[in-house]
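Each of the two complexes below includes chain A, the first together with chain B, the second together with chain C.
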Partner chain A sequence: MSSDRRAQSSDVLRPKNVGAPIKRTEDPRLLTGNGEYTADRKPDRPLHLAFLRSGQPHARIARINAEAARLAPGVMAVLTAEDIADDFKPVIPFSRIPNYYATPIMPLASKKVRYVGEPVVAVVATSRYLAEDALELIEVGYDPLGAIARAEMAVADDAPLLHEEAGSNILIAREFKKGDVAADLKAAAVRVSGRFEMTRKAPLAMEPRSYTAEYESRRDAVTLYTSSNIPGIVRDAISESLSLPGHRLRVVAPDVGGSFGSKGSLYPEELFICIAARKLRRSIKWTADRLEDVSSSSQAFAEIVDAEMGFDANGVATSLQADVLGDVGAFSIYPWTCGLEPVQVVSFLPGPYKIGSYRGAVRGVATCKPPTGPYRGVGRPISTFVAERLMDLGAKALGIDPLEIRRRNLVRPDEFPYRIASGIIWDKTGFIECLNAAAETAGYEQLRKEQAEARKQGRLFGIGIASYAELTGIGSRIAVAPGMPINTGSETAKITIDSTGAITAAFGVASHGQGLETTLAQIVADDLGTRFEDVRVIQGDSDEVPMSTGTYASRSAVLGGGAAKHASKILQEKIKRVASHLLEANADDIEVAEGKAIVLGTDRAVSFRQIAKAVYSDMKTLPVEAREELTATYTYDPINGTTAAATHIAAVEIDPATCFVKILKFVVAEDCGRIINPMIVDGQVHGGVAQGIGAALFEELIYDDDGQLLSASLVDYVIPSAPEVPLMDVIHVESESAVAGGFRGMGEGGTIGAPAAIANAIADALSPLDIDVSILPMTPERIFKLMEQAKLNQEEKADE
Partner chain B sequence: MKPAKFDYVLPATLDAAIEALVASNGEGKVLAGGQSLLPLLNFRMARPAVLVDLNGIKGLSYIEERGDRIAIGALTRHRDLEHSPLVASRLPVMSAAMRHVAHLAIRNRGTIGGSLSHADPAAELPMLSAFYDARISVQGPAGRRTIAAEEFFVDALTNCLEPSEIVVEIEFPVLDHDGWAFEEVARRFGDFALASIAVSVRRAQSGLKDARIAVMGVADTPLRLREAEQELVAMELNDRTPDRFSEIVVSKVSPNDDLHASAAYRRHLLAQLSRRALKTALAATERAP
Partner chain C sequence: MTDISVTVNGKRYDVSDVEPRLLLSDLLRDTLGFTGTHVGCEHGVCGACTVLVNGDSARSCLMLAVQANGAEIVTVEGLGSPEQLNVLQSQFREHHGLQCGFCTPGMLMTGEDMLRKYPLATDEDIREGLSGNLCRCTGYQNIVAAIRSAAALRSEKKP
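Moving on, here comes the complex of A and B:
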């Protein structure tokens, strides 16, 4: 299905590894239990850590009595904020943007607690069992200060302040404006609006957060093994906080079992374990249990959006305004700040549409909950949900088909680059092509006929469309998070051929399931001219490259891949120069392929091994000045980055007996530029859509008014399992981007489009009952209540 | 999430297990399949001083026909019940329900004695034992006694066992029915039931001469709806019967709101399932010889 849509020109030039569905080289070890995750590290006589966490949502710590715990069996230390006060500097999630208050990251709660689950006291013991036993002996006296359980409560006049120093519970406020929205709305033929909400969600990686700090007493050095997708950022932040130079602080992300964003920030426990390892001069291990992971890892969404869209009589959207209230939790995360999720909602709200005027205002407010942080799609799942609901509402009001109204509003091929009303610039991407391809594959017209037939039988059958665009592979001109001082715009590749002729490619990007070991090796193999299986990829190790930030924001294929291409080319030139000596040929006449340098048109060739021997081991073969080390390092910055886009189409049926939603069909047509590995791209789409189904139908972190998490286990926090995820059709519209290799980022898109498409399909299914969809997840309970209310409304109407 | 310290014993006989429980002074807990107990231990919500593991005792896992009854050993795994030809032919309602019991990995370890003892109000086996009028044999220091299923379940997660008593066998009568149905709605396949009903009927010349109804997920214990059974038998059978039946069933329960469903939604589900279940059961009687 995908092959006939590939651009013709790239077919001709397509190298042999990039574009091939090569099986992931990671899988044999991961699937046979031979992977090495952080918890698998076995340092010498490690100590184990357990945290006493706050059971209070907001309280002053009056006293901590840990004497009994200190005397408990196996306990090596019991540490409070006071005990470690001199051992670190707080980490500040700084941002240059105005109206932002940066809450410092503290390893343990100091003076007060701000959410249930915040670490307060740490016990270090000879086993996790003994550490947890000792936790029970610690008494913490709290003076309650009043819970702020919801965003609306935080902005109430009499709300207690979570951070007194901030002077307000509003930690961030921002507004985007273009044109005269009020006038355009007034002039609009049709105005549609709503209050939309996506509730709090857990990223829920299969591997909980895990840290092993391996202490080297010989030189007071720490190697932190961490289940992080930003090992470089963690290294730099802890280095600064502990005044420990990078050559005494190595941070390694080994095999990592998923993140979805939840392992993409610096965590208090991560900072603490390094402090404790140095303090006790011992290696220490900690792995979150599921309860800790659900209740203290960064969470997603939690936004309420009041939005309105105006259309002219032809269905062209002229104006859009939105006020976003983001419940960002108790703290900013490092380095992304608490603005990351809610600000992106207003940045991306106009989406792939040419909307004339725009006003988007956002407030991120502090509540007694764990921080929100990056989650696959950041901001865009809800901005897409809102914009796509408004598109459908507009279509309904104007009597235009939902597919047609999108055709009239999407940026068209001849209009790129296009600056949308919030200021983001889309480079040339297949917006319309994705819409058309999805409609064609879904059999849109046939689906509408089926729907008409189903409605005649009284069945609740609905079709939903969602189109979106996202920025991926962002370069240095745009900060990933607003006003953030870290360079997220470049990544480094270092490729080396050693004296045995073996090829090692080292990167700072860090796979946590994306299969980067495979895809980066595919790129190196093609651009260096060697066999795929001969390239070893090292990643996620701060000792391998001078600086890196890691894998997030759909950047590793673009930035890591771009760096790989450039470094490979540089190294290939070196190989050619050496080979020209050995083969007594002009370097221009030498081709490098299959791990050999060959004189074009001849059978004269030398292998990388022979080349390496000549360079490193042999004192006579080459002149001294020709013995260039066979290594190349390149730091790639795509400057702007590149757009990725997709259209999702869902067909659903709602069973009025159970109020369950069954997904009958799901189609994704996406443009991720040149595909490196179609199997991996399909897998990313499938996984992303599965998570989007979770957001649309199942997953919700429910907090009560006292800030207690009620859905803290996988019995109560319901995620989709295999039967809940339908087979899906994925179509690739492969329009090459302008960045090196023509790649676009594509790890997040599935999660962005699916909730909106499913929401629209549910609303379409329920439209005969005059029911609207404005909150996700649409659980059976919510659908039941809406249907009951609709019945009451109809009865009232009948009475009138 | 590690359990508090406990002693572990693996007795080879039932008597030794009971002795170990007696010796624990009420601080002991029985381990069978461990599918509910181990999470409770890890959350430290259960903190037994001694864990008495029944898995070393031979002869507690069996499914036997005894006249008009099927006797099931307490240590019989859910997976064995699910695949038993004897259960399929003699206890068809149980057989149909077993595939709804959690997930494969849990069915491989979980036991009938453990499920009944745990007394989850939304679990299938407690409900089936009420439906079938099962007799639960338990053994303790004072010897063996038999408890009717409906008396066994006292409250949510609470049974009527004395300390040091262990469930050893459950006897299910083979029912004389012409039609039956088991219906369940769970959020995902294998989750605890949001609502569920089992119905069986015996046809008379006109109308029904006997009916059984049990429900779960809508009260603190599984419920046998004996009044509704009598009302169903008294009913004239016509097109409106399933609707009237569903109203009757729902009128007998008063579920609570919880995280997974409101009381109103559970009542709605139970009404839907009741209607569907009775239709299925009655349709089967048409085909019955």
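Moving on, here comes the complex of A and C:
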């Protein structure tokens, strides 16, 4: 736009950036090796850390002999729990809910170990090579206390106790109830049930966890660079634990190489590195190797669900009950608690459906494994898997098409807001619209015809549908994790125009691949009235905003975006007031666009640079009282939050010879409200679906009965590579939400819907053999066994 | 301890007292400061550390630094700059072929190798070529699109 063109009010009011597939600001640095991840930091003469980890699942630490290690070349310190006992307070993942025991977070195992991989002794040396050499010289004597490798073993009468103080291996128990489920099930025309299992997974971000503690001796201060997605929570927790005020503990999440939840809790190593940096008064670096990352980062899912659903004769689901046994691992995580994952399974189990009565009971039990924690979708991949399998079993029993039975049960547009049987309230969202759009795009009718043809040829071809809803952008009225006392309901934006006219927007949210630098700048550019490329976004730095938590639970577009909108408007009003002096016009007649304040209907304009000069430098132009600092801070709280929903449809074919599942088609129709950047939204869906495919077909952390992890390498823990992931079709049903900007959170949904859709497609493909799908992943080995069993069953039938 | 000489992105580096066990990835990152090469697994599966050694893609976590003595190495820093992305880098940006960016240097180096050596006639060929590089963010769809587009631009350039 030429500078002398007269601005029309319609020009300046129209959003230019929000809604556009703007290329990412992050990309030029990340594509050229100029990004800076935590391991790339180069503090002055850093020391390096290596951990000796427990090889025992559950044992008393009888003795530690580290004398030889202390004398090894390059070693600066060897530290055990005893050596650091006076340097910190344990961090307690507190929750107000009853029937919960909060296990403390300790930087190193004290007195006993509770899983293979738990850090026991730390070596600090001049290089990682020398630190790892010294680990070999440490002797730890253990008295075994008996492994608890399975959730069922933890609740057995004679099970050893992992935490004696808890008095039980059940760390959390909860029940949700509405209506008379027993009576409704009894009255149901059809009842379907099963025992479903989602095995343990690794979130597996490509960047392993990494921490660099940079020590500043002149004021005994630490800057922790961390691969965390919750730098604000980490700052507050370590500050409390080390009695170090926030202005002497800065926590920064620089470029972060993915998290998916695995970097979304406070870790023992994160706490330890700060303790060690202060103790040694040196900067220290640590990055997990892949074995450490897989065997000590928070893990995912691991639930067994016994569930039953009742339908009336028309296929309307009337009742649902479920008992969930969650294998939460050895500790409760901070701050989310061990309740996060399993409790969410029961709170979301009714999903987007109008089920009248419900009983959902959950127990989270301690086992000798790393803790479970957040993983993309949290609880909902399993709750959706279970509910969608039951929906399909009901459809089969009643002879109703799977698409039709969902139409009969989804909350309809005129029924919002709708409180489901577990108590969650869905605001107006396109449930039915997503179902219809997915069916149309997938060519559902045509797919059924193709299936009929395929079956005639004896091919195993199946179609699966999954619909789900999730709560995103959660405000202060709802705790992200049950009973958790910290505030997760607000986020702050601080936008400043400095004396050069440059715009900096600072946030506490922390991108780990979602492109928030780009999307938040899009919002600021539109709402402040400037060019996208002139906005610098800072995020994930505890020094930039007084309080923040970080990025998790699909909140950053809603909370960060809402804060950006409000702060932009406040700053724009300041700009208008200054401009009204400079342009001798009424502030109401001034519009702000493209980094300029313009008197409407004229060519009179001043740039942000001129405005900044008038406010900060030129002491003649403005009266003193008009020199308002060009900065605005706003903390946004959406109070409740907003719903996001989608329907996924998968078509698969199973090769009877290899038992390998090939995904022929994958369609997602989703409602994430007003879209900020469609390119980024599609990318989030693609990635989420790929992780869902991993959960459905490949990924499984296998522990043996002695609590040893058998799939700890990327050869054994298989995540999808390019040939296994199909081309995905993503369509958007954009219904604006009620929060600021009309956004909805959408980063997790792909992983929620895909496992259920694929499970249903596999069950559909195998239905001629009368095979049910009740455990994920459906690896070729599992499919082979099911098919062999089905053959035996048929032979037995034939014999009868 | 050995003295070695390696050429990285066209510039020669003489490094003395290299321990035989030092990984090439650590030499590049820690000794020479090329932190664009990322280490994702240290057992040769994820491909994030892929660099070009004498023109062929190789995993720098599976090579010892001393094995690179005399070699010509290209890392992601040698492809283009933030101001002047090369063809493949610009197609990654155009098609949103990266999210967190951690696997990206490895994807780019493998992609460069594939583009130089193979016709890449179909998406299946591209996916097959990428099967040794893991990405957890993108679901690969946009990476495939970026390489397909770079391949098309490459054919246009050829007479």
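What we mean here is this: the second predicted complex is superposed on the first by the 786 of 800 C-alpha atoms of A that agree within 3 Å, B and C clash if a C-alpha of one lies under 4 Å from a C-alpha of the other, contacts with A are read in each partner's own complex, and residues count from 1 in each chain.
In this text, a residue touches a chain if its C-beta (ideal position, glycine included) is under 8 Å from a C-beta of that chain, and two chains touch if they have at least 3 such contacts.
Keep in mind the model is a prediction, meaning the values are calculated, not measured.
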TODO: Could you say whether A:565 touches chain B, chain C, both of them, or neither, answering first, second, both or neither?
DONE: neither
TODO: Identify the partner contact of A:129: answer first if only chain B is touched, second if only chain C is, both if each is, neither if none is.
DONE: both
Open item on the list: In this superposition, which partner touches a larger number of chain A residues, chain B or chain C?
Closed with: C
Open item on the list: Touch test for A:702: chain B only (first), chain C only (second), both, or neither?
Closed with: first
Open item on the list: With both complexes overlaid on chain A, does A:290 touch chain B (first), chain C (second), both or neither?
Closed with: both
Open item on the list: A:209 in the overlay: touching chain B, chain C, both, or neither? Say first, second, both or neither.
Closed with: neither
Open item on the list: Once chain A of both complexes is superposed, is A:658 in touch with chain B (first), chain C (second), both, or neither?
Closed with: first
- [ ] Figure out whether A:37 sits in contact with chain B (first) or chain C (second), or with both, or with neither.
- [x] second
Open item on the list: So in the superposed three-chain picture, is A:721 touching just chain B, just chain C, both, or none of them (first/second/both/neither)?
Closed with: both
- [ ] Identify the partner contact of A:788: answer first if only chain B is touched, second if only chain C is, both if each is, neither if none is.
- [x] first
Task: chain A positions touched by chain B in one structure and by chain C in the second - done: 129, 289-290, 713, 715, 721, 723
- [ ] Over in the complex, which chain A residues touch chain C? Could you list them?
- [x] 23-24, 26-37, 39-40, 42, 129, 204-208, 255-258, 260, 287, 289-290, 512-515, 679-680, 682-683, 686-691, 713-715, 719, 721-723, 725, 727-728, 750
Open item on the list: Show me the residue ranges of chain B that touch chain A in the complex, using the header's touch definition.
Closed with: 1-5, 39, 42-44, 185, 187-189, 191-192, 259-262, 264-265, 268-269, 272, 276
Task: Parts of chain A lying in touch with chain B, wherever the complex brings them together - done: 128-129, 132-133, 136, 289-292, 657-660, 698, 702, 710-711, 713, 715-716, 718, 720-721, 723-724, 780-781, 784-785, 788
Task: Residues on chain C engaged by chain A in the complex (per definition of touch) - done: 19, 21-22, 29, 33-43, 45-46, 48, 75-77, 79-83, 85, 89, 92-94, 96, 98-105, 108, 123-124, 126-128, 130-144
